[in-house]
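The structure follows.
Per-chain numbering from 1; labels A, B, C and D assigned in written order.
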Amino acid sequence: MSRLGVFVCHCGENIGATVDVTEVAERCKHMPGVAHAEDYKYLCSNPGQNKIKQAIEEHQLDGVVVAACSPRMHEPTFRRAVTDAGLNAYMCEVANLREHCSWVHEKADSTTEKAIDLVRLQVEKVKRNKPLDTIQVPITRSALVIGGGIAGIQAALDIADSGHKVIMVERSPALGGHMAQLSETFPTLDCSQCILTPRMVDVSRHPNITLLTYSEVEHVEGFIGNFKVAIRKRARMVDEDLCTGCGECLQKCPTKNVADSFNEGLSMRRAIYVPFAQAVPNIPVIDTENCRKFQGKKCDRCAKACPTKAIKFDQKDQIINVEVGAIVVATGYQVMGTERFPEYGYGTYPDVITGLQFERYASASGPTQGVIKRPSDGKEPETVVFLACSGSRDAAKGVKYCSKICCMYTAKHAMLLKHKNHHAKAYVFYMDIRSAGKNYDEFVRRAIEEDGVKYIRGRVSRIYEEDGKLIVKGADTLLGGEPVEIKADMVVLASAALPNHGQGELAQKLHVGTDPYGFVAEAHPKLRPVETTSAGIFLAGACQSPRDIPETVGQASAAAAKVTALLSRSHLAREPLVAEVNRKPAPQFSDCTGCLLCETACPYQAIGHEEIKDRNGNVLKTVAKINPGLCQGCGTCVSLCRTKAIDLHGYSNEQIFAEIMSL
Amino acid sequence: MDVLRNKARDLLAQGQVQVVIGYEAGTGGARRPSFVRSEADVARLVWDADCVGNLAGYLTRAEIKKMGKIAVVANAATLRALLQLTAEHQLAEGAVSALVVTEEGAVLELSNAQAVTEHVATLPASLSAADREKLDQLMALSREERRAFWEQELQRCIKCYACRSSCPMCYCGSCTMDCNRPQWVPVASHEMGNLEYHTVRAMHLAGRCVECGECGRACPVGIPIHLLTCYAEESVRRQFGQPAGTSATLNYALGTFRPDDQETFIR
Amino acid sequence: MADEAFEPKITAFVCNWCTYAGADLTGTSRLKYQSNIRIIRLPCTGRVDFMLIQKAFARGSDGVIVSGCHPNDCHYTSGNYHARRRWMVFNDLMEFMGLDMRRVTFSWVSAAEGAKWATLVNEVTDHLRELGPYTEYQRLLNAGVA
Amino acid sequence: MRIGYYPGCSLTSSAREYDESVRAVCEVLDLTLVEIPDWNCCGASSAHVASEELALSLRARNLALAEAAGLDEILAPCAACFSRLASASVELADNPQKCQAVSEVVGMPYSGGVKVLNMLAVLERFKDEIAAKTDQSFRHKVACYYGCLLVRPTKVAQFDRVEDPQSMDQIMAAAGAKPVRWSSKTECCGTGLSTITRTELVANLSGRIVADAAKREAVAIVTACPMCQTNLDMRRPEINQKLQEEHRIPVLYVTQALGLAMGIDPQRLGLHRNMVPVELPEPEPEVVTTDDDDED
């Protein structure tokens, strides 16, 4: 017979006012299995907890019911107190007499009766509790960073600096992401290459970081602390050890008409290329779609030109399997193309370009070495119109959110235009200017006051071509909605920032949720912004929602801190309230019949199966097996199981049955 | 009839299968299962309109599995049961091949799940017209009348569990009824116990029942309990469109979900 | 229940993350509701086995409330979706067997809907008081047993 | 192929040439037009301003007549009729209560299934037959002008792209013409109030369209709406006076242009009724396109 202790709290007046606490304590004394019952003014106070500890020793109690406030409040407190007294934490239950009884009912016998029922309910439950210990899950003390932009670079460096191994996977042939494409960065206008290149070199030189470029995550399985990741390292057709990066092969390639995605299609590149001059690693890649050799034609000029014979046309994709304890998603964003704007010509007007394309024009390493030109005839545009909020904050385009960074980079673009061509005219059509960062608004004011950029508050309804000029039809809502028509040489759309292409598939591979727009979903918008609902998978940067560089770096270091905290211990302690498949002696071995219908129901893919074999290895039975590291204890499988083979610690079938029968 | 026998003889002769489960003439013209293991006994096999029993129930028994490769004479419900059992990992792929006697009298040998799936797709639903009519009749009654009907029927249940042992989908080694810590369903065959047992069984077959009617035929006191499981299966098909026994990799309707499942009663 | 006026006995199975927290909020906002209900805490509505509802009635409840997180809010991402499917089939089957499903209330109550919990409990309690004791089911308890 | 035909008031009066050319072209394409028996005015100009219920009932009656005659699709060549009838069809499509209410007013049952198509949507289905039936003699640069009601509002028209429609361009290309790229496909021609009351507005707006077409060396402007035709064609003197330029570019209905390309006698296409005389220059020489040589 169990020896239980019942402690009824007055909670000052909160419970005592409407529930006859002493009556409850008195009636509990006569409940079968209760060895000791008392009431006290403030059980959660130190003296209150000490009373419980003393009673445990004095009456050799093997279970405790504390009738007080909501377990969501002080369950941990009382469970810690009980452990101090040498009793297993999970042999202590809390009856909610305050929020669920005294505060919501008037003072009456029925209220006291209800309180007694609620205590009896927990008493019956505690009788069937089993002592449980926290689950220790071993951790692989290394991390995977997906994405080689500034977010991935910062996260990888921070984790590597804390002494843990990092594997970085970058889809394009080199690090840098979108930041490498930028000319100068707001609000200080320092050139992006100068602040990014050292970091990229650090990554390539860091002893703890294994850099896999031109590679993608193929498959992920496992759970926090124990992820198994298959990475596809696509064939570059260039042997990375032999290649010295001399660039001889780049000159010899006959195919010169491939649109260069690094320059956002503004210039052409060859079939063998390095994305940009300061690329890390500085090793070329053969683009098999456009290389003649791979279209069946005879050509091996690059191989002939290579002094170290590094070109290997027969290289194959490699699948690299790694084990990591944590994953950081830092896959960045993309900008909406001009083809998504019917009112601005469906992308058919060459001189209507995106912000990223303007960045390439403004960049010294760009197709025009930093001289702002226009795509149609290469002339330097006299009048340039910038359109803020192109596609963002526009339900018709399916992008209701504000892309956050465009107000700042639009002001920067206009400023750069004026710096490079003093008598050029820059107009910006805007709805509201959102420049809320440090020194941000001063930057925009400078563009307006010192550089003479004309800001027009209004939307542009249509752009059409006439005599080589772009007629921009808008309205100026500050001048009473006067229609405005500007004959522009070039129009730059500050188009919406969207989730990067392939973000959806990656999220599915990682079992990570995405929000309705396709950005990675954070665990909690305010309290857990760098974590995802899948334990052990963190996120940083614009993959979660549009974000500028300062915030991205901040978030990357935050994610790295979370990873370092996770990897700092060899084992991970987890709440033991998990489900378990029962086991029995031979010949049945378990109630489970191996139908495995629970496997598909588990939201955490925690249920696999195992084969029970006899001594010489032939399979006697296949039964479900629950991985305690992954199981979060929701109980969906427990109520699904037809043979009741699975039970949930803390909310077992027997316990709940007993609770029902105690009413 | 002899086409079937010849086929069985060949299979046994070539040792492709170790046993052919079919029907043989029972007492008083009834049909009962027969387990032919040698060519000599092949003559016992019969096939006609009375062969309605669902032989799939035997496929999950350990003693039968021990016999080695099995061929089973299959009607529509047996084929559906084969697929559902494969979907629930009770039958290994290709462990059982089905012998189907077509109207034209030819014998098809369906030896893998894919062949069975294609054949099942061509077959009509196996709920008999009488049962269909009975179900509609019951649904037309008011709640109180239905309560009275089932109370009166279930009162006669003696908890012999014949329905459970005859059902091909009730292969569980230990059933909820056998669980006594806690005692989910009262063992006694009083009304409460009977009602809860048949409710639990119907819920356990929702989305899994192949509507073969075997339980209704097996009930010694003649309760139409197959209507309960057929109704539960139909409810799943109507609401979630996932019919049981139509694919070897079917997702169990109550083990999966769609975020936009429509219902009208949740407040 | 000693006194003569009938007071319905109600059992509630609620999920810990939403409805239990919602009921806590009802408490902290000092909203009043009738005290017939007894709340049983479960981690998720996915943990609610239809047999629990049967057992509650077998134990003499006149009404059962099962409540959890709204779809898409589940702490375990899909527990409530699974629960909803089971309730849809269970509801349908009970109607077919003629049981009085007016006595079972399924609902979504989030951690922020303290007021909704209070109104729900009051409404269900009044409705059950109108329906009276669940003699139809409780009569089965001792039917056919000597 | 059989389709309901709703000429509407303008095709039986001021736009008779549109009606004649539609019938001529459909004959060649062997598309039988079944005029809706006893059709009534679609309430285009004023009904929907006066009373919503009147407007809906007027339009619904035509749809009910079509349904009674077993026509599940109606061709309404005039853009305004198309827009009015289509909006009724969309409004009643999945709304049994409204259908019920309207049926009572109209005195005829209407279940909501009739679909309304504009001229381009119908011609689009015959692109191959058009290519086959035309003798490539109409190799002229044309400016395809869509106006507004053919493509807008999107919920009603549900046709082609709003800002840069392509259907008429493709139809004319199938007939051998060369549609020019220009910026005024869907610019307003000044219809609405301004044709009668404020003609100078029409001169300004339509003038821009005509000037843009001329600048692109288009030989003709092609339309599919009587209102656009009126403004671009009949108001040409005011346009020329406003622009101080002499524009003699003719304005053809799409069916008139197709008729010419099919070699139908101009008289049967009603070309003599066009205000700006239709004098087309010699068709452009056949340019044999060879695919450019492949680099070594």
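Things to note:
Quick note on the criterion: contacts are C-beta pairs under 8 Å (C-beta built on N, C-alpha and C of every residue); 3 or more make two chains touch, one makes a residue touch a chain.
Computed from a predicted structure; not experimentally measured.
The most centrally placed chain, judged by C-alpha centroids, is A. Distance from the chain B centre to the chain C centre is 34 Å, each centre being the mean of its Cα atoms.
Between chain A and chain B, the centres computed from C-alpha atoms are 47 Å apart. Chain C and chain D have CA centres that are 63 Å apart. Annotation for chain A: residues touching 2 or more other chains are 601, 640, 653, 657. For chain B, residues that reach two or more other chains under the stated contact definition are 176, 184, 254-255. Residue positions 50, 55, 78, 82, 86 of chain C each touch two or more of the other chains. Chain pairs recorded as touching, per the definition above, are A-B, A-C, A-D, B-C.
Those residues of chain A that touch chain D in the complex are listed here as 342-343, 345-346, 348, 462, 464-467, 471.
Remark: chain D residues 161-164, 183-184, 212, 215 touch chain A in the complex.
Contact residues on chain C toward chain A in their complex (touch as defined above): 7, 9, 11, 16, 20-21, 23-28, 30-35, 38-44, 46-50, 52, 55-56, 59, 61, 75-79, 82, 86, 118. Residues of chain A touching chain B in their complex: 588, 591, 593-598, 600-601, 622, 640, 642-645, 653-654, 657-658. Those residues of chain B that touch chain C in the shared complex are 138-139, 143-151, 155, 176, 184-185, 188-192, 195-196, 198-200, 202-203, 206-207, 228, 231-232, 235-236, 239-240, 253-255, 257-259, 261, 263, 265-267.
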